[in-house]
Structures are given as C-alpha cells and as structure tokens.
Amino acid sequence: MAQLAASDIPDRSYVNLGIGLPELVAKYVPKGREFIYHTENGLLGMGPAPELGEEDPELINAGKKPVTTNPGASFFHHGDSFAMIRGGHIDVCVLGAMQVSQQGDLANWSTGTPDAIPAVGGAMDLIAGVKTIYVITQHTTKNGTPKLLEQCTYPLTGKGVVTRVYSNLAIIDVTSRGFQLRQLAPGITFQEVSDRTKASLMPLEQEP
Amino acid sequence: MIDKQVISTALAVADIPDGACVMIGGFGEAGSPTELIHALIDQGAKNLTIINNNTGNGEIGLAALIGNGQVKKMICSYPRSRHSKIFPELYRAGKIELELVPQGTLAERIRAGGAGIPAFYTATTVGTQLADGKETRTIDGRDYVLEYGLQADYALIKCEYADLTGNLTYNKTARNFNPLMCMAANITIVQARKLVGPGAIDPEHVITPNIFVDHIVEISTPLIEADLIAENRRYP
Amino acid sequence: MAQLAASDIPDRSYVNLGIGLPELVAKYVPKGREFIYHTENGLLGMGPAPELGEEDPELINAGKKPVTTNPGASFFHHGDSFAMIRGGHIDVCVLGAMQVSQQGDLANWSTGTPDAIPAVGGAMDLIAGVKTIYVITQHTTKNGTPKLLEQCTYPLTGKGVVTRVYSNLAIIDVTSRGFQLRQLAPGITFQEVSDRTKASLMPLEQEP
Amino acid sequence: MIDKQVISTALAVADIPDGACVMIGGFGEAGSPTELIHALIDQGAKNLTIINNNTGNGEIGLAALIGNGQVKKMICSYPRSRHSKIFPELYRAGKIELELVPQGTLAERIRAGGAGIPAFYTATTVGTQLADGKETRTIDGRDYVLEYGLQADYALIKCEYADLTGNLTYNKTARNFNPLMCMAANITIVQARKLVGPGAIDPEHVITPNIFVDHIVEISTPLIEADLIAENRRYP
C-alpha cells in the first residue's frame, strides 16, 4: 500500500505523512524522484529516524518520534508551519482513516462515543489545506466492519476531501459518481473488495 | 543596561495568581519548560486555564500540574497520547474542562492574539462538529468559520539561547508554539539553556525579539522528560 | 520639545518615532534610562545614523535613512513588525501632526485636497496599536493657522488616540474635558498659547 | 537533487503574462529586486497589478516599470516619496489606479493570503475614510474593520543567500515584505546575492523555507538604487 501510494506522488512534491501507517510511505521513494517531507511541528526536509543513541528529544516529528534533517531542511514555528498547510503549499498529505465516505468525507479523529477523549491534533487543518489527500488504511476494521461507506457514522474530520484510498485490498478513487476501483491487490477479486465495501463500487470496466 | 534575568524559577513564577490564564510552550517534550512548570506546582496557584498543544505525559511537568488539581480548564488540540493518563482520568470524572482546538487553528489563534487580530476566518473544521455553534461565512465561494484570537496573562517558555535583553533562539523542533506564545502573553517567563550578553545573538538569527520577553531564568541542564517517564518519576 | 517628550518616556520603553520632528527625540535619552527604538520596516534596537561612508543601503529606518544597530538588536519581517505595533507591544509612539482635535483625533496623512497623492504608510497602524501616542509639532502652520482644533478638518489618521502634544509653545494634555495646559515654553504666556489654539484650553489652575 | 536555479533574469520572468498580479518585495531600496524588475520591463507584460509598499524612485526599478506603461493598478501604502515622480504624474492624469492600504494592513493581508486566511479583523483605519465602505464589527467593545487576504500570481524577491532548494536569508532591513510575499504568490522568483548548496544555510537560520520559492537567479553585485538616482539614470 505504502509503496503504491509513494509511486503516485510526483517528483519534488512537498508531502505530509500522518501518524501510523502513512509513515511507511517514506520508505518507498521511487527512483529518480525526491520528496520533501513536512512535519507540522516545525520542520521541512525531515529525514529518517536517527541511529540508536543519536536521538535528540527536541528533534521529533508530529508523532513525537525522533527524526533527522536532510540537506536543505529548515525549522519554523507552528504559525508558519500551519501557514504552509492552510495556505495550500503542501502538495500531498497521506492520512489514516477510521471511515471514508463515497463523497470523500473523512472520519479519523474520534469515534464519538461518550467516554472517548476527543483529540484532533492537526488532522482537520491538513484536510482543509492540503491540495491532495490520500488515505492509506486496512479495508476493514479488525473485526471486519467496512471502513468505506455511503456515509460516515463517526464525527467528520472534513467533507469531500479524500481523492484516493490505498487499502490492503485495492486502490480506489473517490469520484463525483462515488467509489471507482482503480487497481486490485494481487490475488484479490472485485467481488471480494465490493463485499467489504459498504457502498457501491464501480469496477474497472466502468471507468469513464 | 537592560537585564531581564531572574535568579530562580520560584521567583520567576511567584506572581502568577489563582485564576490566571497561562500559555505553556512545547510540543510533547520538545520545548517544554518543565522546570518552570514544576516551580508553578511548588507555588500552588489554582483554577488556572492552561493553553498547550497537549496535556502532558506521565506524572511530571504539565501532567503533574494537572494532577495537582491546579488546572480548571485546558485549551489544546491533542489531550491524549501514549504516556498521558492524568488528564483522561480527570476529564472522564468531569473534574476538568476541555476546549478542543485544531492544532493549526490553535497556533493561528495564539498568533492573532499576539498580533492584535481579534478574529479571523479559516476553512479548518468547516462541516465538522468542532464548527458547531460557530459563525460561518462564504468568501469567494468557499465556507469558513470565524475564530477568535487567544491571549494569556502569562507564558512559560523554554528556549536555547537568551540574551539579557530577552532575544531568544530555540533548538530545532523545540521552537513550535514558543515564539507565538511569547507574543500573546502579557508577561512572558523564559527558561533558557544558555543566557548570554546583548549582541551575542546575531540580530539576523533572533527568533523571538526581546520586546516579547519579560523574565529569564537560566536552566543549563534541563530535565529530560523521556528519561523521567522511563523511570516512572513523579513531581513533586 | 523633543527633549521634553523624551523626559516623559519611562525607562526601558519600546519606542517608535515618526518621520521628521519626532526623530529628534532619539537625541535626548535622559540619564539613567534606556529606550529601545523600533522602526516598522523591521528592526528593534535601532541605533543612531552611521558615520559618513559607513552606510548600508539595506540598513535603513522607516524614513529610508541609513541607521545602525545597538547591541541586542533584531531584524524581522513586516508581518512580525506590525504584530508588535498592532498587538500593543510598543509602549510609546511620537508622531508629527497636521491637526489634533480636543478629543485626541489626529490628522497627519492627507490634506484631502483633490490633487494630493494619498499616502498613509504606517501611521494608521501606529495610531491604532501603540499604547501611548505623543504628538510633537509646531503649534501652528507656517502661516499661523492653528493645528490644535475643536474638530480636525483634514481626513483623520485615527480617533481619540493622542494623549499629549509637545509644541514650540507648550505641552498640552488631551483629557476627557479637552485640551489641558501642562507646561508653558519659557517666555510664553497662557494667552499666547490660547490665542493660537482653535479650541478651549484649560489653564494650569484648572487642573483637576 | 532539487535545483531551482535559472540562468538569467530574462528566463526567470519570461512567463509572466499580461494582466498578472505581481508582488514586488522591498521597502524603498532595501530588498528591492531591481534586476528582476528591469527584466520585466524588457519582457513587456502589460496591464499588471503591482503590490509594493511604495511606487519606486527616480526612473529606474519599479518607477521605470510604471513609467513604461505596464502597470494598470498599484496596491501600496505610500505612493509618494522624495524621489518619486512618475507615479504621481500618472495618478494625477488618471492613468493609473491606486488602492491605498495602511502598511501594517498591507503586510497582514499578504501574510493572510499566504497562510490561507481569507479575511481578518483589525482596528487599523477605524474611524477614518480608509474604512469607508468596509464591513465593521465590534468585538469585546472595540470596533474593527474586515480586511481580506491578498494573493498574487507572481512575486519578485531579493534575498541575500539562497540555497539551490530555495531556502532564503535576507540582509538586515531588506527582509521587510519579502518573506511574506514569497508565501502569498503562486510563483516566487528570487534574485539572490549569493547562491549556495543545500545545507549551506543552517536550518535554524532559514527565514524563507524552500516550499515558498520556485526560481532563483544569482545577481552577485546588484544595482545600488541610490547611486543610480544620484546619477539621474533611467531604465531602459
């Protein structure tokens, strides 16, 4: 998934990766391309994790894990960092999801249950500001509940923002007509993906 | 000559009254003024409103301040994290208020508070429940919500270098909210890893100009939060 | 005038000086006090003019004249510079005036005549944002027309903002009851000041 | 490796079309990208809207661009100054439009345009004729006017050091509007006094991060406007 997502990102893109699965995208920069990674806590040109023992507790990413800097990096404060996000300067953001609707709505910050501690971080800012939003996620929850739905039931992070979903079963575009299959994972059939998607899924042949 | 040095963290935070609104810099551990927070615990001010991105980790720093019952309300973007347990318990028990603000809106509201902008429009939260009850407006065909600037009575800040006049630099991603909070607080109290003379910081490299800084304490070997948490340490 | 204005500015104040007459204030820092001068084009800790031949065309003040930096100076962009002004961080601003009204209205940017090129610069921002606004001015125009008036006739820079006027004839406070004489220049009588002021002027005895 | 260098000012400005909105950095002479402006005169784009604090001096740089009839409208705070004569003449003759914006509001509108803030409130101009026709609102008992963000198709910028990835630093008060305009323009074109390799600028000292920069031309010995004006030079 992460590798396929990386292969769809254009050369020289400014990219923000969400916490968790999306972080894996950084491992698969395609040959001949260069991505500049932005982390919203104030670093552009983020490099990989440091060697053990080389960590600086004040050089971390948005997930609060130690990172390094690449040549051409720069530090800035949160105001400037979110100016980059809100101002539309980040090209691609890859985020995790709890739910994605066929209109491109994303829910990834709260289950909405009464005892949940609500915590949004920078997700709503990224969703509102970044040009292209990719989602990378397991196709269903651990107990098999579909995450791709006609309507999200969890509180939204943003409306009509997701353009493509990379799951363990398929790559699916969000189009004006709903979910459109783009590519199946090896050994997976259209029917298997469709069965695990709680919304209409257009097969490859119906592509306009 | 202007000299904003204060000789102890205790003196630096001595005047913070009950009910004050206090901005605390840092994103997780990076840039967190742990020694100043501990001094505020010793000092004992109550009913505080605290503005920080998080709610602290383990039982030290901001988490300990909350655990000590000094905080009435948190304004933050992400009140839970791997090592955060004190805030979630109090929140579930209804013993602490929470105003949840998206991280970028939080940063911009603090910047606005410091820059004399009382309110601004942003697309962040449009169409979500965090926009409930907020005024909206369509500008050039896109919807935005109205957000208000945030100001505070005090800011507690950690920096790398400070000169005696109050010019500051930060270490890497420890910069985060600190420069914005310096601008938005009435009184800004700084713990500096290294205090230097006026002119020792190149005017081109100053991140926070001295106009935003009131008191400075030198803490040359600050606590490392991750180590304290690994050792299950608590404060006091 | 400039010296008297300087003597009313508290120690450690952050001060912005307007172009022209107000610039003279910088020559009269009282003994034992230190002022930090802000120039809105991006410098805090501005020092005096450089020696001849030491000028840097990229180290200038708001009047576009070469300046120097004092120890503890810092450079910043216009956004941050006007954040200092608009955000109420500058303690005192000393400005020139075309007209001042007894309500503290200031007019100093345009005569409002049809062929005037309107030019406002940073005057309205300073007026709106700085805590204390002093005006330093000749008491009348060159041809004797009063500048202190019941109402300004020129377009306003800001309403109800001036707290004190330093003129060549007197120091006058703007109070809720109007112009209040505070100090006469040597050899000047109350009557002389009052005659050259087109508004009621309260003499020293009436001070509350 | 990312390399944003362009080999000539002519190539750098070649794509600017008629009718474009162009931000030009600088405050008076400091930070003014004179060589890029002269390239734009050679290139000939017409009906431009120009955003700059001033309107240029003498008959070079921005004043020459205006004098060459390429500018339809100026957005600025201070269109007259000691050596400014071309704009005043055209303005009195009704041959150029002017949107007069207070300097701080101009800076904040550009910053807002770059930061995705479509509109904000400010106390500047309240009670003056520059607030005529503007929406006002009372917040916490004080009156404010609503101002909108400014964006541009292009920005012409002068910096001191640029690295090949587009990170920039500035020289003293030449910083002024330049970092804000880099943020607010769709395409940012920079003339650098010195072009260096990636990593040659300390990440802590970068003023404009490379995300805001598109094309860089090295101009190691830029024109000194004051000298040209003293010599009554004109361009072309």
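Note that the chains take the letters A, B, C and D in the order they are written out, and that residue 1 is the start of every chain.
Operating definition for what follows: a residue touches a chain if its C-beta (ideal position, glycine included) is under 8 Å from a C-beta of that chain, and two chains touch if they have at least 3 such contacts.
For clarity, every value in this text was computed on a predicted model and none was experimentally measured.
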Exercise for review: Check A-B, B-C or C-D against A-D and flag the pair whose interface repeats it, over half of the contact pairs matching by residue number.
Suggested key: B-C
Revision key, fill the gap. Distance in whole angstrom between the CA centres of chain B and chain D is 34
Study note, to complete from the structure: Whole-Å distance, C-alpha centre of chain A to that of chain B, is 28
Point to revise | Euclidean distance of C-alpha centroids - chain A vs chain C, Å | key: 54
Study note, to complete from the structure: Residue ranges of chain D touching at least 2 other chains are 108, 111, 115-117, 122-123, 170, 172, 203-204
Review point. Could you say which residues in chain A touch two or more other chains, in rising order?
Key: 43, 75-76, 79, 82, 85-86, 129
Point to revise | Overall pattern in which the protein chains touch one another (line/ring/star/complete/other) | key: other
Practice item. Mind listing each pair of touching chains for me? Key: A-B, A-D, B-C, B-D, C-D
**Study point:** Partner chain D, residues of chain A touching it in the complex
**Key:** 12, 14, 34, 36, 38, 43-45, 69, 71-76, 79-80, 82-90, 129
Exercise for review: Enumerate the contact residues on chain D facing chain A in the complex.
Suggested key: 1-2, 111, 113-117, 163-165, 167, 183, 197-199, 201, 203-204, 206, 209-212
Practice item. Name, in rising order, each residue of chain B that touches chain A in their complex. Key: 27-31, 77-82, 87-88, 91-92, 98, 100, 102-108, 110-111, 122-130, 170-180, 207, 224-226
Point to revise | Residue ranges of chain A in contact with chain B within the complex | key: 39-43, 56-60, 64, 75-79, 81-82, 85-86, 105, 115, 117-125, 127-129, 155-159
Review point. Where on chain B is chain D touching in the complex?
Key: 108, 112, 115-123, 137, 139-140, 142, 144, 148, 169-170, 172, 203-205
